[in-house]
């Protein structure tokens, strides 16, 4: 079968459309631009490769998958699909052995708005999972409860251990310091909506971006996964500067763009087009703050067009005085999270075919 | 558009009707009387003012809204509407930063029976919300997850802080010592079902009620909100007596009925038509008992027709020996809670139009 | 009305059928054999006696009910029924005053896959139920929230106390050391799928089974309930050997098969056809391990055809080296749990009539 395309134009103000943005402050993004720049085509055939697949690490994805998932998410963001119940009959287990309200609710909202069901372990500490029960046994248990497992766990090894008993696909929602692939997908989905030309195979001359990454690769899963996806968009990236005060910070080997390591934020700040901040990691069963001396506020000397991403929660490293500025891309980033996760869930659970025909008027090219 | 009215008579024993009362002991109330006394009319037009509105304090309501919400709740209480799925596609966030099984489950049951969805923060202490994350940031997060937020929080300032980041309507389910407006709506819904003539603009001669309020205004949110709604029904109230052993108890200024403060229960007890009891408040992050020396049991010298309201949970101030007496209006009060909350949710979420036509045979007067 | 029977043959490979087993390791069972050996008949009339009934103890059931529930569960296990929404409009309260992820999620998955709704108390310790609130008051509260209550509680007396305020049916999901009837139903459902002839009124000559029960009756609710159901299948049982190191272990009086008590596992091990293991009990508000010196692994001298049941969670008494052997019936036991609970819920909530006609082509014999 040939590549399916979207036949009918996306009408941004039709009856079935919802507001393109839900964030109340900062930049708002119009997802239709990402669809337009790609000639209104979403390659649902490419997404077929995700059916039944576990999403463990960002580096198992490809540039193509990131782009197609983002275009699909953009479609979902501008279309009312709840009344079509695309996940009817599907049940997702959200197993948060490390509690995280933000990520758990984002996944649960994504599922429920598609009329899927949820059974939830909101906090491993208080749910009566007997001390010492193996994750492999828990995986075997989940096989009979649902169709997909979303797991967050403080240990890096947890995902592999759960998978050893699991026949269902799983989505890694953060395992220790290792990986957080859906966060990275959300980050890049946000960047692709912000600069739709980043979704194209070839860079636009003079439009390469400089990224400042305030965080510590190696101990921050969000940073790790963001860098892993960034290598897939190397042709659009001039340089990545990693700002950290940790002496043992390691940068990824084989990164396909220039990458430099520094412990100084100020000298570089005005160079960056995109600043990615993160100050919290989860290590040794507790949240820990790193790099707390790097702070941004409305008086920081940012490039006028610079945008800031932050996976949240934030502490005082990112001052609320920035919230009402156009540097604030972080609220738009949060607002897009549910739609990217919906795109991924629909793809993995093989329910593209349940979407409304108005969304999926597919034809052979 | 003119005021819509209910055209078809409410048939209390039709196929689509459910038992009028679900409480197993004490007085049971027939909600149809409240509808009858109002000539079978519900002014859905008046409820339009609630669409998209946050419900923060009891005093933002009016007598008319309390009466129309109560009549609407009475309709819901005698009609099977689950199969009409009036909240299909709507998602409510129940954010209980202060845990409360009773109130959380009441809201969740109200939503789910209308086929809405729930994402839940059952307990702020264990859900991984990072210490120090602002409620404003949490509000911004909720914007993308749902259509309405129900919040309970131990701090008075919490509702305003959450609202500063929120574009969704919220319902205050209790903020510190301040307010608990839906509890007060439930209290008055119960009184209007008990004495339907209280719903009329003019008092019935000789039928004014004496209220004894065992509790401490100023530190008890339920008591505060009950008093706030009571002022809207002043024409039906002869006097309110507040019984408290707290020296710093304050009574509301500008109350539109006679109000007296005392620390003695016994001398007044046999005068009261309605006794409202509450002994628990939540102060300084812990439950605290006040007025524990005021106790009622089946031997208390109550007026024969007197009824007792209590928002529950109770301790030993309200003895179970009263449960099987006709003084027990508190179980009927609990039984009506879900329906009042459903009426409010349907109004705020603008889903009156999704109700079954048999319920809503509206016509122009 | 006469006994309804299943008219159309169960086609194990039809379009509407799902894989007969979901466990990834150990024995897998084909539920159709249990239906075949009973001439494709399910006596739904017999299940009528469960409508609105509370399930408190295993001994309130009968052999006939266990067999019919198991046959019904087998039908559910091989049929796709989620799209028929048989519990639409029904709301189940899962009240786990003693936290248990395994049992709670099993019930919630059972309900949600039938399109029922759930409100949940996942852990009595953290849900804000005020210390000292009586279970009777909580029962009165639940009356207005749902249609059925699933309760787990660390105290034996809890079920009776809750029921004293409850007008809804309840299902006991474990009360202290007393009873866990749905676990016992799952255990026997597994045995009936494993040896379908155990479901017949008369024993097959030479096929009586020897059961080794590693556990302590009297303090282990799962063991108590398993023994209670076993007495209903006495004609198929040659002997039960109870292996325990507790001096105060008591065996049930009036058991209708030979029963012996020993503290030695090894001498008897190779005699058993079925080994039921449990090492954990919940006593005095904490999990406690008993009989930890009895251990099985792949080198244990088991009869070649012997199968092991275990209600899980396990500790080191049951070594993972057994997982890939044909002695492992415990993963199949876990995999069947959801379907047995669905059969019970549909029966108690009177929703047999909502099942797909293809499943229920009933006729008069």
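Per-chain numbering from 1; labels A, B and C assigned in written order.
In this text, contacts are C-beta pairs under 8 Å (C-beta built on N, C-alpha and C of every residue); 3 or more make two chains touch, one makes a residue touch a chain.
Bear in mind that the values here come from a model prediction, so they are computed numbers and not experimental data.
Following the contact convention of this document, C is the list of chains adjacent to both chain A and chain B.
Between chain A and chain C the CA-based rotation angle works out to 120°, given as a multiple of 5. Under half of the residue numbers at the chain B-chain C interface are used by both copies of the sequence.
Inter-chain spacing, taken between the CA centroids of chain B and chain C, is 41 Å.
Within chain B, the positions touching two or more other chains are listed as 122, 126. Taken in their complex, chain B has these residues touching chain A: 88-89, 91, 93, 117-119, 121-122, 126-130, 132-134, 136-137, 140-141, 143-146, 165-167.
Note for the complex: chain B touches chain C at residues 22-25, 82-83, 96, 98-102, 105-106, 108-109, 112-113, 122-123, 125-126, 280, 287, 312-315, 320, 331, 334-338.
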